[in-house]
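The following pair of complexes shares a single chain, subunit A, combined with subunit B in the former and subunit C in the latter.
And now, the complex of A and B:
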């Protein structure tokens, strides 16, 4: 990209999302044709592309009783489904029903129904992500008390039923997580990366002994699912990341022999994860 | 008056002006450092902004200050509360005074300390004053500044002090024989005044009906500095020795939240641009503490959808809001010298939120340093996939509940491969039956060169020019191989340069070489070289045209091309060519001058002529040793096909094979697509070149 930077070369346009408070997350759907936003005003809004570069509000509803931190789309194979998580200690699964309910001022707005409310967390749920499609309909949440929860909808047609498959305690506050989207099951077991926003001041807390028994004060942990033991285990702690982590994301795997993980702290790092042969 | 006191206040009306109030009251104007006139002294407040002093006056006797929100004022109008109990209106700078307010004074009946003044931002003529205790007077006075006395009135007006319309009488008085430490207007609702009183009360006065003042009271040790949330009319904050309290005026008995601090809290203020964000400053602290108050039970009943499902949860939420806290140190971010002084060292003396700019605040350090700081929030970025008509952009969360969106066309400017691929896909790139049509769609020199080569080699196979190739797209290496293996020997033809009779070169000819020349696009043939020269000239590459002409031993044509060239420089080169001789002088000049030539073809041309052997040793013994043409062959800025074609004409069989093989290996390793000219689509080498090419550019998907 050289000397080009977004600020001096390109104009961005502003969409007045009309959220009453800070917007915490914005997510495109699979096709890039819809957007969902969530905010501290406890509302979630869905925006549809008009096909000409414009965006139109298609739904807006109060989704939680606290700040909504994250919103994420399920693969369209499972329908028009989003998941949200909130300071109110819950995560919720929403499905769009019917077509434009045309009644007065609400004309053109779609209805989203809460299909399920995941209430297992005792603290703020800080992130929520659907699993890669090839693993079925999976959902992972993480919370400020450091517990990662993996839910599965055994029947993809029934979004009301989610079973808590795994509960992984990490002992540090988790702020964000990302699924490894890699398709290959061989040599690439299901993998999650989680980031902690634990401040560095409390060294005692941050020194979490990893499963290998060695202390690691990194802020990014890799968990992998072992088919044989049917457990998620921590396989890696990236000790190079020492700052509190705000966000984390795997790159799509385009046939690479390694994984790329982006970690946002004070700055952004791209970390290459090479599977052990 | 406390000597070390330092405070800062943004003007609510003039968004680029603030005052700093210490021993003096100083009015500053903020501007970008770039825009501040040279030689003007200014105080840097951030890496990009500086503050210049507009006016200053002594603050002797002043105990409290507030800036009016009257929009007509050309300069900030200040209300100063004095130790004598007098309140005076002033502007620090002499200006036009549309309302005639400057100089007005408001005095209480009995002299005592004035503790606080506060302008209403809703009814901008309302000024509230908080005073120390006096046993027979009220401690909170409400003035309508438009009715106040000007200094001139006062001289004659004192005797009529008790008439109802008396301008020197306050609109309302509250708190008989009480003490008020602080007053503040709630800017959300009309005429609601908050006051900290008697070291233990917070009182809320509803002043909509001045004859019947409703008051709500609560008792707290943490009763100081009470202020109202600009977004939520019920939400208040107050400070105390070791805590900040958040109150809900509707249930005023106890605080909704008590936020403990280690040290006494010096100042607390709600962010005027963001909901539920409270900022507090502890005494002797170098950082500010942000309290992001998370409401978990707002309007729960409104939510009809969840009404039944979440009943159980509601119980838990009713425990009230909680808070996410973080510390910010405004000075640490400021650029240059400011940063060094700010960090860790001097404590912050005061801060003030900017009235309008998103999450911007000004902090003043005890050292006198001023830091302009914007509280950052986590920005979320999302990429859209390129799919739909409007999709595919980059979106991120902006300030104030907005989204910022960048259309996907910016990928074009940075030539992002995903964007390029999508555009190619929509134009049927790679699907055109005439291979050369794909070249136009590729919009990439290397790729379009590849498509042209594929089209050419395909047509050569179809025309029967190249036969017996195992591949549909044979390369030069494949065509030449048979010559090396099958024992064909090329015919070496000593030739003279027609226009330079003193020179001669050896030209090699064979059927394979001709076919290889065809693959290189030199299909015009030996006798028809003028066609190739013309084409190259028409393409706007006179140097290449001249070189091609010279490589076909048509030096006259080469000189003609150069003479026709637009750039005078090229005509000079023509001069050098014509002067070709065996003289040492010319040779040395050539060695020195050739590398300086801008065009690879010109350099090649000169090197080629210099390498040609002088004619006279011909009648000496055996044909002279091969001339050294490596300078031409290694001229990698020349197109590969021209280099190879040159080699096919002037290199002997063994050297030609060596050259082709070497070049081929090199290009395969570099993943250079043009190498397919040599390899053709012979599977093994071809895939390895693609592998390296993909490795280099991750562009595999472009090809098919």
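And now, the complex of A and C:
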């Protein structure tokens, strides 16, 4: 039998990102047809798939006055919009402008305009993510001083106007966060998972009392929004994760009764979260 | 995801054979020194990039930032295999229907028919590949085609055996004739030589170098008649030794379910016959004819004899039919395990290929192992998905997990979901993939929804296609979302009319409002209205959103004005002003639109209309700058003057009525 086993069937292709410093994040758009990269060189680049496996640089601009940690795409219903966050303590919302005619202009570079600058944080903004589409146009940021901020654009036509809806102090340095993409109409309240990169030194153990009054020294926290109290509260602390967290991501919900959360520390762990009935 | 290990490993399958299932990429180490990040794209595509959480203290000049895009190379997407994918999809869907009816009636015959249909699809595909192979010159391409052919051959071989053992309805469960048929069909060695020799029909055929190997081949394939005919062509065919062997072969009892004797009786006759053969053998009459002796030893089921010819065959299952025939011809389907074990041990050439293991497992009745083996094949799960599905529907599959719970349907569903999701990655096979996902509710539909809404919508035709498919499976939200995204795309590139059209198609109030606002803002800026004909014909769709309704009515006002129906235009304009649904930024435009009408020769606004406009003008001081406001006030006052006079007595009377 042709032992052309499955393992031979992955192909790789290299793109030279041409950032002048370390890359911190790579994010694909909703369709996987565009790719945004950001780097310590303070630049953000957008790449478009040519449909034949190649990528073409379509925009590159200096986005911040410090390392750009993360870049993330909004749902395409809101247009071509990305958000970035940086060591310069800000997060920014960018929109691609230009019409069909100018896309064929020289060099073929597109223009991204800064629509809003979110300056509430007093420390480095470590992660930024748009909320699930069904919740409207929401944005969450987290910062090194452990504050999670949730913003909303009340008018999706106006990306310049963002109101700070919630400020949730966590008292530990937060490095990454992820929205639970599950639809809230099937009984899942809006949910966020955040990961802390607080180092495990003996006296700086993340020993934060949760809302239930019990201490927890885990590094991953789950927050849920309660419609009745209109507040985000910490509902879970995953004590199984003790190492500083580098990245965190919810799996898409395939109609399962539970949620899956991937947590990257020194290794990668998949955690199953079962909502209480 | 920090990973200081420089090798990236991808795990697939259940990890029973990690060594062969792991693809290792060596990352260019210099740029990945600090750590590695990973981002999923869609389907089986993702990116690996060097990443560090901490900013470098010194701006290094020698950064070599490379992003590695990794994707699965899917064999099924090769154009020559597309027919296989499409046609098997048709059979799969028929099978689901058959399974539905099988819930009430026994439908085994239908399943067998569909199983054969699958096999004939594979056959056709092999033929196409062979034809293509004869045309290509390129060495790499040739190798690819050859490996596809090997894979499909193996698939067909396993499928056929599986059909015999699990799907077919075998009379009396006596499997031997089917097994022989399977061996002859898949391992047709010597057949050509035999037919050449028989055609030539010459005495002394033993001079042909393959004479004996062919005769013995016919014996172990159970073609006793052919073997006898060939032996007649031997120059010594008239000797006693030949006659003795011929006689033994001729007198071999053959079991038939419809033969009127019971298995028990048959067994006795058969054992008697074999004992006779053995006694002939031990009498030593054949000691001068080693080949004839070998034949006699074979038909008495002598392990040593089978072992001695194993080297002439590529695999042990070439000999399986003969072994069963000469050791236990009454074997039933589930009694083949010992035969397969015996055959596998023949000779010293221990072969342990995937096909070997799959066939062993099949004969042992270990379907779990069969599925495990074929899951590792490089056909992207085509085989395992379809075979598991048909076995599941035939009720022949029962898989237990380690807690002894029946996970059969979960296994079947998960294979179908994976296969369907894989096909959805392809730019034209996605509709096929969708049909697999839809056959596995509820999870399949949820997956379909997630993948479908991420389908790149590069052309309008594609959007329509996605919407039609979404509608077919009741995924309303996907259709709506596709339209709303399209609305955003068109709006983003300034094609506001198209934006409005997509919003209307989506029946989305929010999107309609957004598109209408964009259109009105542009009108304020550039005095250009989008897609007027569309808006005039939109009818009840305008009710989606106040702003859209306003935009539609405003277009209508322009039409009336252009058609010089000033009276009607004025009425509409007044109603637009008094209804106060115009957005703030549009007030100026709306109020100034009254100017030319106020100045017309014939008054078109009544005095009460004029009062209303005056009221709005004063209530919206921010709407107009003072110069324009004064101009408008003057025009309004003049209009009031002439209308009050011309409207005359009737109005006066009502005025009086009010004051008294």
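Here is the rule we go by: the second predicted complex is superposed on the first by the 252 of 277 C-alpha atoms of A that agree within 3 Å, B and C clash if a C-alpha of one lies under 4 Å from a C-alpha of the other, contacts with A are read in each partner's own complex, and residues count from 1 in each chain.
Keep this in mind: contacts are C-beta pairs under 8 Å (C-beta built on N, C-alpha and C of every residue); 3 or more make two chains touch, one makes a residue touch a chain.
Just so it is clear, the model here is predicted, and its values are computed rather than measured.
Annotation: superposed three-chain arrangement on subunit A; subunit B versus subunit C shows a clash.
Legend: residue contacts after superposition of the two complexes on their common chain; A:27 is shown touching both subunit B and subunit C. When the two structures are aligned on the shared chain, A:12 is found in touch with subunit B and with subunit C.
When subunit A is checked against subunit B and against subunit C, the one touching more of its residues turns out to be C. In the superposition on chain A, A:65 makes contact with subunit B only, while subunit C stays out of contact range.
After overlaying the two complexes on the shared chain, residue contacts for A:90 are found with subunit B alone; subunit C is out of touch. When both complexes are overlaid on chain A, the residue A:79 reaches subunit C alone and has no touch with subunit B.
Once the two complexes are overlaid on the shared chain, A:42 sits against subunit B while remaining clear of subunit C. By the touch criterion stated above, A:156 is placed in contact with subunit C alone, subunit B being left untouched.
Legend: residue contacts after superposition of the two complexes on their common chain; A:119 is shown touching subunit B, with no touch to subunit C.
With the contact threshold set out at the top, residues 1, 4, 6, 9-28, 30-33, 35, 37, 39-41, 51, 53, 55, 66-67, 87, 246-247, 254 of subunit A are in contact with subunit B in one structure and with subunit C in the other.
Across the interface of their complex, subunit A is touched by residues 1-2, 10, 12-13, 20-23, 25, 28, 34-35, 37, 39-45, 47, 49-53, 55-56, 59-60, 63, 65-75, 146-151, 153-154, 353-355, 376-378, 380, 442-443, 445-447, 450, 454-458, 481, 484-485, 488-489, 491-495, 510-511, 514, 517-518 of subunit C. Across the complex, subunit A meets subunit C through its residues 1-28, 30-33, 35, 37, 39-41, 51, 53, 55, 66-67, 75-80, 87, 96-100, 103, 133, 156-157, 175, 197, 246-247, 252-256, 264, 266, 268. Contacts from subunit B toward subunit A in the complex involve residues 274-276, 294-300, 302-303, 305-306, 309-310, 313-314, 316-317, 377-378, 380, 382-393, 395-398, 401-407, 410, 413-414, 698.
Within the complex formed with subunit B, the subunit A residues making contact are 1, 4, 6, 9-28, 30-33, 35, 37, 39-42, 49-55, 61-62, 65-67, 87-90, 113-114, 117, 119, 246-247, 254.
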